[in-house]
């Protein structure tokens, strides 16, 4: 049975209008199809239907984690589920991981990361602008993952406190300025990720990765296309998001030993 | 320090040749650049470099989880990281989840799921063909997640044992035949997912979802494009995977109450 | 020097606002940046700048042919330049060709075809609904290619008058119903094309093509993505058209002779 | 009836194996399905079937123009039909046009352009390396459009001989070096096009276009995806070409008059 504090996803069959809500006593969720009282949702269960004051049905569903990032109160660019799902896998943001995020922004990605590291893991999220960090903190509170995140307000050029981190993710305009400090924070053989919107940023980021000896460098982009769901007229939607950003990944590794050194070692 | 039983990702700067390996005493990893003894890797650390018997360097990196699915010993179609990352988020395969997989196949996806549910979660994976289930079991053993998976060999039309599952994923040729039993196994308000390669399968799956009252139905596809990493000649790769499959998602929900019923309730 | 009757493309640097106009004495082109009198454009030349009554500049450019289809007065779905360019090449709509179009619609594609067949070629365009044919005729008049098009109003199931046509293009909801009559109209070894928006239509069209012995069947789709043009921030646009339609092509060919017949012929 | 000198497209139902051939007395077309004598094809007609010496059928079809570019004897990068079809429309390479091509290469694009300008039009194609120009000339001969092309061997930095050209297309590695001379050759209000494979080239080209006052600048890319044609298993092909190049277009225009000048004019 749902109660205050629970997260619910409200979905209407009318144009797929939907909301991600944490139930709060006395609160009301507005929509252009009418209003719903949180107190009327409490006491129901996932899968039930709530009607607005105008009689329009909303289904009460369990939220998808990808929604955490898209539904934050935000003032910055969000990261889409298509991208965050790939990041989570490539950087191993699984249960128990300790990860560093550079550029908290509105905290959408922070919350997704925090979900996947579980109670045994930790996300340390750095941000220079205090006002963003505060928004992110409230979003983390709302999504129920606040206890897994350490928010730090700092000019990140001064470096990160962490060492041997399982992964580092840079979500800033100038990631090349932080590749050195990311290298310091990251465990050997582990991976760094970043997302940049422009080709020009890729160019500078690649130069910085080379300079710091990163290997297994990958640059990629993901495109997502929804299809219409009428079974007699199946076709892609008319419009799609053409671009969110380019993902860049690389692993921290030691240099290949010089041949002389090899010979010495082998002759030893 | 790496030791027998640890998983390592061996990556060569020559054409990105790479291997996902569980270290085993006495074993040897072959490659067209020469051989590496597992015993020589044990004792080193992530980030170190191992040289083949022909002097070619391989970097010893921590594996990415997306690789689990691509690197299994397999006889069936694999699921790509671009797809599995989205599935994990949309179906909430996070720490502690109990999920049902219909169609173990070679177990690549099973292992990815098992990674993300953590030690507090559980994957129950059904397969009709015993030989596949055995391969999947050995893959799960290899990726270190065997203890989180229950493999069941059965004709799935007889139904699943589970009830109130957090999520169900169907990876079979005829998912429409299992939507009824998936409905039984799934918790209310939770989500079902499936992956089908052809349009014709979408059509039949959509009909079956409607018949069982599923809501928030989504059909989508993801395209991934790698870019070349020469900073002075940044451009997409010449070729890409054009298609893996269409992802279909839907949530289990109760029917909208009829208007009469509403009136009764409201007048009560 | 431009004069009444000439076609001009008016392009504003403000958001790329633009118009395709045939100069007409006394006429005025409105825009949210102000108005321009056609008579003020006459007397200028391509490459010149015209100012609206509010002092906003519009460049007077030569129209691109792809615009013919997008800028028609229309009540039906248009065909995009990305698609029409491919059709023109695959069906050889070059100078001197005689081509049959089934489904005039608003005539946008008719005009593009008519441009490329030149004065030595001919487009015969069939349409069931007289009101559409009339709109198309006025569009062809406007784009200056009316003399190359024969418009016929007819239920096309009764067949086409032409035989030995260089190409046939079907732009109707149910192309499978016209593949028989298209076969009759088309020259041997020449190609038939069609555009359909849904997967379900592909299925039926493929069945009909097989039934009539067409060969070299191709089904494809084209995706076009614009990039932003700030040289310091080059990146794809945020949004794009995700789908216009699937293109289907096939060639009319005789059946492969049976082996017996072969033997007879060879022994003769 | 086909005769020596005619162009035919030979298409086999076995894996779509195909050839674009100009019939030449005494010549033989080899294939892994056996051989065909040109003299046996002469006398047949489009739509007929020819059997190889091993009894395998090839259909004799009319060539598609898009094939001209893909099937040239070549030593350089080709331009794909998806791209050339868009170029033709955007640059108005229709009947009667006079166009300048900078970078003949193997002449594949030259031939496509020459097809569409017709006998009343002309393509002037510049190339620095004589050996390429010779290959292109023989390709144009082969596709029957030699008489519409003027090949010039020259370092194009010295400029083009033409003025008031209907369109200019640059297909060279360093298009920015030729934007000045292209501006000289092009008619006012008409369009320049180019194709570049890398982002870095876009950046330099955009700077050069701005410097020369071009307007209506567009950068775009086209993606083409084939679908499998089994009507019961409709799905995209497994692989596709991920990238050929970015298309850049711009129009030559006069500068916007300064405000003072305006006032003078208006007060006059």
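Think of it as A, B, C and D in the order they're written, each chain with its own count starting at 1.
Methods note: a residue touches a chain if its C-beta (ideal position, glycine included) is under 8 Å from a C-beta of that chain, and two chains touch if they have at least 3 such contacts.
For clarity, every value in this text was computed on a predicted model and none was experimentally measured.
Steps from subunit B to subunit D, minimised over paths through touching chains, total 1.
Contact with subunit B and subunit C alike is made by A, D.
If you average the Cα atoms of subunit A and of subunit C, the two centres end up 44 Å apart.
Rounded to whole angstrom, the centroid-to-centroid distance between subunit A and subunit B, based on C-alpha atoms, equals 20 Å. Shared interface positions of subunit D, defined as residues touching 2 or more other chains, are 199-200, 202-203, 225-226, 232, 234.
Partner subunit D is touched in their complex by these residues of subunit C: 11, 13, 16, 18, 45-49, 51, 55, 57, 59-66, 81-82, 84-92, 94-96, 112, 115-120, 187-191, 199, 202-204, 206-207, 210, 215-232, 234, 246, 251-257, 259, 262.
For subunit D in complex with subunit B, the touching residues are 197-200, 225-226, 232-243. On subunit A, the positions that touch subunit D within their shared complex are 199-200, 202-203.
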